Amino acid sequence: MAHYVLTLGCPDRTGIVARIATFLSNAGGWITEAAYHADAETNWFFTRQVVRADSLAFPLEELRRRFAQVAAELGAPDGWRVSDTARPPRVVMLVSREGHCLYDLLGRYAGGELAMDVRAVVGNHTALEPITRAHGIAFHHVPFAPGAQGKRAAFDEIRKLVDAEEPDAIVLARFMQIVPPDLCEAWAGRMLNIHHSFLPSFIGARPYHQAHTRGVKLVGATCHYVTDDLDAGPIIEQDVIRVDHSDTVADMVRKGRDIEKVVLARGLRAHLEDRVLVHGNRTVVFH
Amino acid sequence: MAHYVLTLGCPDRTGIVARIATFLSNAGGWITEAAYHADAETNWFFTRQVVRADSLAFPLEELRRRFAQVAAELGAPDGWRVSDTARPPRVVMLVSREGHCLYDLLGRYAGGELAMDVRAVVGNHTALEPITRAHGIAFHHVPFAPGAQGKRAAFDEIRKLVDAEEPDAIVLARFMQIVPPDLCEAWAGRMLNIHHSFLPSFIGARPYHQAHTRGVKLVGATCHYVTDDLDAGPIIEQDVIRVDHSDTVADMVRKGRDIEKVVLARGLRAHLEDRVLVHGNRTVVFH
Amino acid sequence: MAHYVLTLGCPDRTGIVARIATFLSNAGGWITEAAYHADAETNWFFTRQVVRADSLAFPLEELRRRFAQVAAELGAPDGWRVSDTARPPRVVMLVSREGHCLYDLLGRYAGGELAMDVRAVVGNHTALEPITRAHGIAFHHVPFAPGAQGKRAAFDEIRKLVDAEEPDAIVLARFMQIVPPDLCEAWAGRMLNIHHSFLPSFIGARPYHQAHTRGVKLVGATCHYVTDDLDAGPIIEQDVIRVDHSDTVADMVRKGRDIEKVVLARGLRAHLEDRVLVHGNRTVVFH
Amino acid sequence: MAHYVLTLGCPDRTGIVARIATFLSNAGGWITEAAYHADAETNWFFTRQVVRADSLAFPLEELRRRFAQVAAELGAPDGWRVSDTARPPRVVMLVSREGHCLYDLLGRYAGGELAMDVRAVVGNHTALEPITRAHGIAFHHVPFAPGAQGKRAAFDEIRKLVDAEEPDAIVLARFMQIVPPDLCEAWAGRMLNIHHSFLPSFIGARPYHQAHTRGVKLVGATCHYVTDDLDAGPIIEQDVIRVDHSDTVADMVRKGRDIEKVVLARGLRAHLEDRVLVHGNRTVVFH
């Protein structure tokens, strides 16, 4: 059954819930999920509403037109979004050699767990080409020639391949390359990364080595939107797993992978279902 | 700052959110928290709203009178409640010899973490009398004479002591006695127990022994409303902690205590803040 | 680098550690891991030792011959085992239609995370044949004809296919069929199942439905050795994940899958590395 | 029943386990717990052994004399320790105004959960004096006069009070003052702190504010030995708890307290039972 998902972030004031609820009620909207959050610190209001498509008297475009008016009234002409669950979001994944996140996402995709349309996988190595093709998905190999110029050329090629798919999500599934600022900007709010530490601990390279050296008792992973500021983008999801003195760096890497996979999958799912609203450098994630 | 907390459970249908939101909006209500849940299976709707007391044009009693009408309209003349955070809920605790839950709750109380008014502690032993009195709280010793008659007499005495305080919550903080059906009924929806297992595993006596015998790898605790049906009341909160083969029953008991304390404290907090709505044998807990 | 893994369970008494340590020390054994556990309740002693193969003055067969003598002296002529990490354990997996556990195990296998030799996958449906073959692994389809006779015939066929591989582990990766007693006995201590609940809660069919009805706040999964007594075999590993009132049965199933996968992978890994020693219905798992 | 706990850290080589096990076996020692760890990276070996006191043919001092020889042979004349569980370790606690950790430790102490002898509590405020005295424990108030000189004078006074008790553990139970280098050195390996973040995240002041600003999805706590290098000492124990966008800083503080309490209690317990061996800036914690 198709649903429309409405999200809105706007300045807080009294009467917003009533305004939106009345709007939907008047339209005959059957609300199956509704979540609200008022952030006292920034005085900002957030909501996510799920409405049965067949309960509305008018089509999607009309809903968008009318909801745009409500959003404008509420002081957020650009802070809203309406998506249609009948059209699964389009996804492109960027990978390198390490496969655990890709295997996991493809397994979930094959099992029908993630409602998405995986358009392509782009890799700077070919290690993950066979498994991608086994799932019937296009794989593009974009090797990185040495030096800044090689990197730039590769990213230009990647950008073309990605943009051609008009994706709703670009997933860095252990891509291991720093994305240049122009792509961060072009894909802002759509590009998700999985970082292999519990940020802000162990920013940068080789976080498990850093964790081992510091002697921490838990290692973690962080799914965040990619911004220009390395490993500092808005956090969507995090989790940790226990380690102890007997764990070598290799053990930490192995245990950490289980957390990376699941944190990326949860973060991506929240993104695909329009559960994530970004405000400044923080996220509201409606579960 | 004082707030009113409104909760409602009623048959689901379209327009409920709009009805309540409009009602509050018309009254000038400044909503600081709002949570909704529609249960598709039972077709029941649940909400909890927190309103700033000073934003309303009329006093508490008038709010109750008006909200009663709304609730009646929505088909739930008895399914609502409005409480005032300016009047901390009244609590009585029942204990035996084991102190970890009582120590924990009194520590939180002293630290201002739990907004409640602890009226009294009732114990069938005197072991916990000194710590109770050190916190300036009345302690009543009600010994249990042997046999069914002794038990009945003790519970009659307890009932008198408890009812005299008109408590909003009766907390069995490791009380270790089976409460008779008439008290379960009299205190329905107000009596919380902490069971030292992850229910429905290990119902009944000595759950840690049962857990050890079965060789489980996690032990847990469950905070639930007490009903007549032993250990089968609506669950409010649960958590677990890892154990392994090297843990004796005594180790499990010790590790389990840390979970019991925190699960009871979380469950009680949710109850005191009117975050728990019971429907049949299940709970909606708005966090 | 190849290692020998020695495990032993024997009656407890003083001097066992000294006996084994001296035996290995005299043989020049370089111990890289050593774990001990004395169970006070059953008065049983357990150990697992990992020795560098190249540190010993004699070959594997001689180690086995000598260690058999030590074990016999210690009262456990059959309670020991020596395996060689240079020979990865052989594994057969049994599946049905649901793929999340198989996808996960194959992903780990492909990524080199699990040191094993997957000989074959046997399925009573063909849904998972393509992904199995994409990983270069043989897939045998054994359909179950209706009725007791059909089931018996299918299990006879499965037994032949499995036994032909002489597997060290038979993994029921959401196989969904009750294995007959004769196979339970033939594969005792080698057959691992993943049960989709936190046993002993919700034994039997449709545990997530049972969990939803009971209103629990956590759901879990259990990896255990299969015995004749349904869902009651020795537990190897368990874990849980939080759910709440807003989770439908379908949500619980989805969240639970993430726990099933990881619990099965951890349990299998422990089994493959000879970290699990069974005693009665309980396990010692050396991490 | 009294036990002796032997710990040793020494350069790794073959035969250590055999040497120690034979030593204990020859002395008639009945080992009830034994743990070993060889750190491949630093090539260091660690062990902890628990022996029934009544199983040895000689008294504690003789055990110490003989074990000192073994340790010297193994290249670690100063890397060993033998303690007697019949003599509970002596503890002094340093507190400020916030009571949740002290309440928790005193509750565990009263309940017999922590085998220790709490000699005194020292506070720079008097807020926690009544609860301390209610437990029958001496409380010393040492106010901090403003300025560096006032602080120095206060720490001199604290040092006298603490050293007079010859404590095995000095616990900073949310003491909130930076301990000067000379005290860090004097109490090295005996002074435990609870830091209210998952170190190395959010070092320094107001970690929950930092966590809120960064928008993390988990907050944590760290129990570590205090060194001269603020918040960088060897970590003993850590844990985390989930938070989300709806949690204010005050909510994070409240949720974090539950983790602080339990992490400090676990860390202290490990320290008191001689389960923690420090090597460089990392710890081996034998569970």
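By written order: A, B, C and D. Residues from 1 in each chain.
Simple rule for what comes next: a contact is a pair of C-beta atoms (placed from the backbone, for glycine too) under 8 Å apart; a residue touches a chain by one contact, two chains touch by 3 or more.
Predicted model only: the values in this text are computed from it and were never measured.
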Chain C reached from chain B - shortest hop count over touching chains: 1
Longest centre-to-centre distance from chain B, chain (CA-based): C
Inter-chain centre distance, chain A versus chain D - centres from mean C-alpha coordinates, in Å: 41
Interchain centroid distance [CA atoms averaged], chain A/chain B, Å: 37
Sites on chain C at which at least two other chains make contact: 40, 246, 287
For the chain B and chain D complex, residues of the former touching the latter: 98-100, 103-104, 106-108, 110-111, 113, 130-131, 134, 246, 254, 257-258, 262, 265, 287
Contacting residues of chain A [partner chain D, same complex]: 37, 39-41, 198-202, 214-218, 220, 234-240, 244-246, 248, 281-285, 287
Complex interface listing, chain C residues touching chain D: 14-15, 17-18, 21-22, 24-25, 28-36, 38, 40, 55
